[in-house]
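Going by the order they are written in, the chains are A, B, C and D; count residues from 1 in each one.
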Amino acid sequence: MENVVMFEEMPELKDPILIEGLPGVGNVGKIAADHLAEKLNAKKFASIYSQHFPPQVTLNSDCVAGLASSELYYVKGEKNDLVFLLGDFQGMSAEGQFSLAEEIVTLAISMNVSKVFTLGGYGIGTVVEEPRVLGAVSNAAMIPSLKENGVTFVPGEPSAGIAGASGLILGMCGIKKIDAACLMGETSGYFVDHKSSVVLLKVLMKILSIDVDTKELDERSQQMDEFTTKIKEIAEDQSKGHIGYYG
Amino acid sequence: MENVVMFEEMPELKDPILIEGLPGVGNVGKIAADHLAEKLNAKKFASIYSQHFPPQVTLNSDCVAGLASSELYYVKGEKNDLVFLLGDFQGMSAEGQFSLAEEIVTLAISMNVSKVFTLGGYGIGTVVEEPRVLGAVSNAAMIPSLKENGVTFVPGEPSAGIAGASGLILGMCGIKKIDAACLMGETSGYFVDHKSSVVLLKVLMKILSIDVDTKELDERSQQMDEFTTKIKEIAEDQSKGHIGYYG
Amino acid sequence: MENVVMFEEMPELKDPILIEGLPGVGNVGKIAADHLAEKLNAKKFASIYSQHFPPQVTLNSDCVAGLASSELYYVKGEKNDLVFLLGDFQGMSAEGQFSLAEEIVTLAISMNVSKVFTLGGYGIGTVVEEPRVLGAVSNAAMIPSLKENGVTFVPGEPSAGIAGASGLILGMCGIKKIDAACLMGETSGYFVDHKSSVVLLKVLMKILSIDVDTKELDERSQQMDEFTTKIKEIAEDQSKGHIGYYG
Amino acid sequence: MENVVMFEEMPELKDPILIEGLPGVGNVGKIAADHLAEKLNAKKFASIYSQHFPPQVTLNSDCVAGLASSELYYVKGEKNDLVFLLGDFQGMSAEGQFSLAEEIVTLAISMNVSKVFTLGGYGIGTVVEEPRVLGAVSNAAMIPSLKENGVTFVPGEPSAGIAGASGLILGMCGIKKIDAACLMGETSGYFVDHKSSVVLLKVLMKILSIDVDTKELDERSQQMDEFTTKIKEIAEDQSKGHIGYYG
């Protein structure tokens, strides 16, 4: 098979914008995209199966099995319809990642997608108090308006490049002359980072001129803040000689 | 080649049901399927060779070499003929597993298979006194009658999904709208588990309304019970301070 | 490319027999086949290149580079012409080994090869005083005449099967109904084994009713005998308490 | 995709010579080729993308993303135009290296390339005072003129063969009857070796009858000499009992 796209519906889409949010560093991109799609009541219209996903099925609560897949959802918009690429998997090999990214970009072209946003995390290895949203683009002309909406561009960063679906879809859009940007929420990279996701989502919503409730994400983000604050206090206490257990 | 199917015979099959029993956790599925096929005098009609199997031949007692393969057997039934997928191998890579599962499902469609049962083990990491048979399906409508025949459905279980041929064939049947169920005998997963196999086989026979002698499996199952009982006694003795050797 | 066969010449071959001797356990098969081809002045007529060989060139004494390849040689015979498959490489992956074996068997069919001998070693893990030549066949009807010529058949042995080119070509010949035998010289498997090669070669020559000088191999074989005898004496001395260095 | 070649321009080339300089041992070949192309103001005319490169994008200083690629540059010459194959990547798997080398040689044929030079390093494991340039060829007739220009030919060396793009392109040119030479600067192989690169470049320029300024490389080379001299002095001091820290 290599990859198979199964359509449940063939929606007519108006000047659609594709938003990719697959698993990755801190799951920052996936959480933001899943939340936005859910709050907009986006509708699933296709599944992508691939021999590059893990060879297994997962079960829903009714014990009905589903092959590993990515899914496409859409929602009608005022100016632009939105298409979401969501899922729990990335290609397991380098060749598989190329193959899947190519499948997506080919799909995007067949749907006349006019713009692509790939969402991800930018792991920096330390706790981030105020995560920024970094950007990378397929076309330098996109930069000024992204900056106005809160995206930070640091020359040559991330210096290690962008790996996986977010990077490859961006790169292939560059070759195909499709305007695409990868938006990356700063994150430690050590845990699932709702705080970074909510910052990323707010920037994305500003870019798209849409607004959804982010209450659940904000709460999770605040819980995380409290947790990391507590961890820090303990660490500081210990460095002052207050060893909890034996003090 | 990728995969090659060699037919020795092209049997005319009446509304056939496919039963898969390849090696896996505790070999629970393989033992059950092999036993049933043998007792029903199922006849081999095709071999599946694949570059995804180990690159080797095995020798029979006459020193005649055979490439690694899976085999298809059939047996005529009253209402449904049965087709068995048996063998000693699974695909060695993820891509190979997908390729082989797709080959099987394509074959099943070409044989007008109306229902598929994939047999496996469900490893739980501890000795199981009374193994249950867990189920997962491609179509929720199958659940009530399977429950009546003794299959247990635990919402979302196995939570890790189902890997390998049993899972992939089930998942691909779902996409192709073929009714399929994976039946999994609970097992520790630490050794070849005839006890779980015989429980699985009895449930399967009830579902298929057939009956074969399971004496050999029952004996093996009982031997295993005695063995695990002995192991437990020794373990309990030791935890009470009765150290066998120096006591 | 996957595999590419480059012909330097298209010899007309009379009822040819294919002899495969690629690297393997103790290089037993390779040494025997190389020696026979050389003594018969077999002529190279084709090279097989493959992406499944190591990605490199080797240099001859003139510093002219050659891609990794297998080579086909032929020699005219009285009743049967002989074709040799020689070289320094086997496929590096399972899929590569299947691909190359299939290429060879397809070539054999296109050359109307009537019989195939694959040569290998049978590693038994201990020094062999009098190596036997074990056989495995694609067709049981070949066994009696092979036995008459000194091939030993041990039911089900090698129990681990036969891996690599020698096994796969044999197995694929079985599927294609070509008479093929794998002849395996017993060997420790720990070093290149000329002694086993010369025994294997003599059996092969008896089967083919040809005779070439094996002087070089006999000498190498004798040197090896002396070497292993010496090793044994030292080992026995030491086990009697005569420790060389401190005695 | 496997590999995709994207042309920005289709230059008309006069009897072109292809020079390959991709990353490798000591980056000797890459540094020499990059320097020559830059000093000659060679113009980029094509990019080669491949699923055999790492699955990622890198960012330029404007945060514009580019897929991993190799690039083709050309420069007009008096007798021969030059084409450079430059880049930061080699194929990540054996199959990928074969695939890419085949792509390049097919491109070379389509551009009527009359001669190919692949540049590399020859790692010898110790510091080299006066690195030589070793050669390997696809055609022995090339050797005399290369020797006149300072290339050393050591029978059968490098005895381990030549791996990667430099070797495979050379080997494939041999099959396609294209004159090709691999020129290898001797290097320790332990660090990026500008000294070896500059020696290699000077030999290449003599062969091509061109001349560019090598000042930057000469300076880097001299720095390296001073560095290795210092390292040696320290090592000699220590071996005489002058242990720096505790002496």
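Just so we're on the same page, a residue touches a chain if its C-beta (ideal position, glycine included) is under 8 Å from a C-beta of that chain, and two chains touch if they have at least 3 such contacts.
Quantities reported herein were computed from a predicted structural model and do not represent experimental measurements.
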Given that chain B and chain C are copies and touch, would you call their interface same or different according to whether over half of its residue numbers are shared? different
Label of the chain whose CA centroid is most distant from the centroid of chain B: D
Round to the nearest whole Å and give the separation of the Cα centres of chain C and chain D. 39
Chain A and chain C: spacing of chain centres that average the CA atoms, whole Å: 55
Where chain A touches two or more other chains, by residue: none
Looking at the complex, which residues from chain A come into contact with chain D? 91, 94-95, 97-99, 101-102, 135-140, 143, 153-159, 161-164, 167-168, 170-172, 174-175, 182
Please give the residue numbers of chain C that touch chain D in the complex, ascending. 1, 4, 6, 49, 51-52, 54-67, 92
